[in-house]
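In the two complexes below, chain A is the common chain; its partner is chain B in one and chain C in the other.
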Partner chain A sequence: MTGVVAPAERWELLKGEVKGAAKKYSQDRCTARHVAEGRAVVLAVADGHGSAPHFRSDLGARWAVEEFAVCAQEFAAAAVRYDDEAEQYEDKGPWWNALAELRAEARRLPQLVAHRWYERATLHDCNSPAHGAHRHPPKGPDLTAYGTTLVGAVLTRRLLVCWQLGDGDVVVLDAAGTPYTPLYTGPDLGDETDSLCAPESWHHARCHWQPLTSEGPSGVLLSTDGLSKSFTDHQGFLDFAAGVQGRAHELGIPAVRGRLTEWLSHAAQYSGDDTTLVGAFEAAGPAAPRQNDAPHT
Partner chain B sequence: MSDTFDLPGGSMASRPVHFIWLLDCSGSMSVNGKIAELNFAIREAIPEMQSAARSNPGATLLVRAVSFASGASWHINDPTPVDQFTWEDLHTYGGTDMGAAFRLAAGALQTPPMPQRALPPVIALVSDGQPTDDWRSGLRAIDDTPWGKRAVRVALAIGDDADKSMLKEFLANPELEPLQAKNPRQLAAAIRWMSTAVKAASTPKGDGGGPVQAPPPVALGKDEDEDPIW
Partner chain C sequence: MVNGMLAPGQTLVTEEGEKVKVADMFGSGGQGEVYRVRTRKGDRALKWYYPQLADGRQRQILDGLIGCGWADDRFLWPQTVVVDADGKLPGFGYLMDVRPERFHDLPALFRRDPALSATTQRTLVMAALHTVEAYRALHGKGIAYRDINWGNIFFDPHTGDVLVCDNDNAVFEGESAGVAGTMDFMAPELVRGDRGAQPGIQSDLHSLAVLLFLLLMNHHPLEGAQALQIRCMDENARKKLYGTDPVFLYDPNDNRNRPVPEEQQTVVATWGALPPILQRLFVETFTDGLKNPVRRVREGQWRDALSEVLDTVCICASCGRQNLTEPDGPAPTCWGGNCGRPLSLPPRLQLTIGTGMMRTKPRSVRLGPQARLYAHHLVVEAERHDFSAVVAEVTEHPKQRGRFGITNRSQNPWTARRSDGSVHDVGPGRTVALSTGLQLEFGSGAEAVVRD
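For the complex of A and B:
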């Protein structure tokens, strides 16, 4: 059967986050974890806007990551279940039929995440009004204080799906290690970004859908915009992604984990922004021991 | 581990933030020493500007200036790193062709020459009178540039004769009012405050998709003994 690449448990995870220079605390949040009994990977980063009108954006970013992880985990479990059925009957048909259902689920996922995030932010605002008193306009509560972006991905052995709302970056490394950015829309001017706090924010979400063939990706990296904006050009950022994978192959993932914080701290000096990176790389050697979550660097 | 700790990827650099002074050099600015006080105030504000720049290492502050009177020209043409910024005195020479100044600034707010990875620029307008040319078309030229509509704008009216409604239109934000200076001390305080507006521009994140806004105007000198001169 075609469409089978490395099992998810063969993916090694990477996670690093640093606070922006001169900032009191970071408004970024992230996760990188194996799910579906280790047969799928969920990655996510969220970048709380951080400026004065968004003074609770660290909470917004945390809830964005948590709610995405819940939804993505269910999505990944469904994908793995369909994968099992296809494997059991050695028949491609059910898998291709399942892809249509999964694709519909992938399209619905941003709205689901946004709704769950909205409920948490609204509950928090009701209990502790951001502006000192309830002043909900007719169209609903003003959740500007919680504004955040969200970038997430699910990786199984047959499927890669990435979602993006607002700025940030997804870099996929193909089988040869060549990086590409499937959701890149060109440079942003002036740090403007879409946000989960906007009304019906899910309409602004972008989705990359990639059923995997025998030539699947060798790595997936998600980062907040603090990383890419520290480079003088986009190619420099792509070279970084390829270089991280190169170091992982050359030195091993533990060595990269040990250096990642220094690399991100260096970048944050130039962007001035919180800088967060999560990733999954195909293990080069024998399967690594499974981890529920990437260790903090 | 090496000095560069084996950092993969291309070169890194902080992001430029351009600060553009638009300064009125009309004949009325020579009355009661306004132009001399303006020159003094800008020169005195340079350390504040440098300090504001140092407080955000993620931004490289570049300063330039346009003077306008009968026509407009670059007083400081090259975007100058604030650490190397020095001030040459302005001199008065005619009318108040603010529209010409806007059009000159609009040319600098295109991409290129302004890089896409820049932070929102700051446009600081200082005037003591009524524009004598078609300033609206000049302002439209700024608004039509990708960086002009994202710029942090600050404006200062010197004396009672300044066209404050026009300056408010320049600010493009109904919640903001132009600063006002009626004597040298107020002028110096306003110029100092305007010089540090770069802090608003170099904040890593904007306001969630809306135009970047300058901070609200601060109250200037309230000293009862300070008589209005202008």
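For the complex of A and C:
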């Protein structure tokens, strides 16, 4: 029970994004990358709100993903460093002892991201005021135009941490491929969502903290709500997530990469929204592709 | 399902030989994973330590805590050690009660979770008071908690009751043990690693003050402008912020770390609404107390101040919002963002209790509608505040709206002396009309007078 799972470099990454049917351009942004010299994975999706008051939300979503990636990369590097120290001295004690401090860092991360996002949005608004002229409300600038959600994750061989501010989904597939949604809070009852543009938005971020003490996850998927909304129920969405992994095992990740846009486009027809999905799957041997292999769309 | 160290259905055994069956995982923490387990006595929570944290020292700490047999409803105290009977699974854990659903964590408060919508200024102060008394009780037994932080305290938004979890790092003062908490809650001398500095009751006082500030101000007391200037919050940055150069947000002599209003509105608003009696304590503990551990505010000081503030919570007649006011102080303006009108303070009951050398200085209880006196008001140095033990209550005349009296909810008769000199007995369940100058004798030297 040492909790060693697939090294991060053995994680294969997936990224797909499609524009909502009736939209001029997508306000979603995403990233999926190996960091810490390939020993950790950072995933993020952001969904710019898109409606008229949030007319710069594509920028907000881009900055959210970029700033999350910077902070998450530092977090991942710290986690890998603690892991290295434990490995170097052949004593796992330092790793387990470091978890309390890493957990505190994980809780602090949304505040760092929100601050960095705030600085970029404020600078942009100063240079190009969203409402045509500079206003100086006492409680700070109005950044509604840049409003966006953010969902992110860091995966190392010993740790999975996910964060979520606003709507969107995190699906973790356990070692057997069974999906679970650690940050799911029930079906959305409207279009209102928490947003990075809200004052002290980091308070609204939720965090899933999971040291990998046993078999680690076989896959982690992050998506904007355009995907989950395209299914009639939550189970349908979970089936899709499990299906993507099934196809990845069956066809190989390169083949899935090639088909992902098609699958997302099919799903997005139902929600009409921008639809973005990133994921990391434990590497597996490829198999020959088939036709009509879209997973439960 | 989250895969953890234990599998659902797995059977373990307590030290007493009772079998427990793993049901599902509640979650993971900094030291271990917590599971729901089925026992003969019903469901319990099992904390199972990460590998190599389940060492001899931790076992010794647990044995000591379990040996205490402390049954205090404010703590999820370790009850018994659990191991794998077959010895196939190394390590151990311990059983505790399952946290009742009415208790919520502080992040839920910060994100204004709808489940906490019942939270008021009064219940927050009550939660702070209960927190202080819980740690006071722990410290009174010579036990240092050593890991006070926002993940270990839960509160009931309706009653202000608190529940302290993760008590397995507590040790008797002077004993050494590994965990000293996380940096943001650690006393500066521990963050710096000063020679001879050990986590204990004195460092708990710093962590407790941080927790109280978070609870009441919804912000960390050392994370102002300086924290926002840090681009990479690595270990060195954290050491500086919390250890080598900690600066309180409202240090009167050092303004380097003031909150940035555009980004940290909440603390600006909550600090502005905090009565000076509490502001002074925070300033004291986060200025002098940062440099000199013996200058930290002690639990008794917090308790007295919070208790006094609780007695002077007033409702704004314009917007209905609860406001904290300075005991015996002037009327502040309502802190409601869209209100800001001056509060109209109700009359106060000036209360003096005890006899001889134990006679206390007068304290005030604002007599707003539904104000109450509790048993702790009539006892010198009450061990804890019990808000179910009501002894008196302000009530409105059933037929004459706007006319108030004070009703005897105790089992003992009082004596009331009106300003015209007339004297009456007020038996249990009886009410005496409130008027300026009314004097009440509650017995055992407890006396009060109504003042404007």
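What we mean here is this: the second predicted complex is superposed on the first by the 282 of 297 C-alpha atoms of A that agree within 3 Å, B and C clash if a C-alpha of one lies under 4 Å from a C-alpha of the other, contacts with A are read in each partner's own complex, and residues count from 1 in each chain.
Just so it is clear, a residue touches a chain if its C-beta (ideal position, glycine included) is under 8 Å from a C-beta of that chain, and two chains touch if they have at least 3 such contacts.
Note that this is a predicted model, so its numbers are computed, not measured.
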| item | value |
| --- | --- |
| Combined model on chain A: chain C and chain B, fit or clash | fit |
| Contacts of A:Arg259 with chain B and chain C, given as first, second, both or neither | first |
| Which superposed partner A:Ala104 touches (first chain B, second chain C, both, neither) | second |
| Partner chain in contact with A:Cys197 - chain B first, chain C second, else both or neither | first |
| Which of chain B and chain C A:Trp209 touches, first, second, both or neither | second |
| Which superposed partner A:Leu112 touches (first chain B, second chain C, both, neither) | second |
| Minimum C-alpha separation between chain B and chain C after superposing on chain A, in Å | 13 |
| Footprint overlap on chain A, where chain B in one structure and chain C in the other make contact | 194 |
| Partner chain A, residues of chain B touching it in the complex | 1, 5-15, 55-59, 111, 116-120, 146-147, 150, 202-210, 212 |
| Partner chain A, residues of chain C touching it in the complex | 1-5, 27-31, 33, 50-53, 89-91, 107, 110-112, 149, 151, 178-179, 181-184, 218, 228, 232-235, 261-266 |
| Residue numbers on chain A that touch chain C, as the complex places them | 1-3, 74, 78, 91-93, 96-97, 99-101, 103-105, 107-108, 112, 115, 118, 122, 138-141, 172, 174-175, 178, 180, 182, 194, 199-200, 203-206, 209-217 |
| Chain A - residues contacting chain B, complex | 20-22, 49-51, 53-54, 144, 147, 187, 189-195, 197-198, 226, 229-233, 235-237, 239-244, 246-247, 259, 262-263, 266-273 |
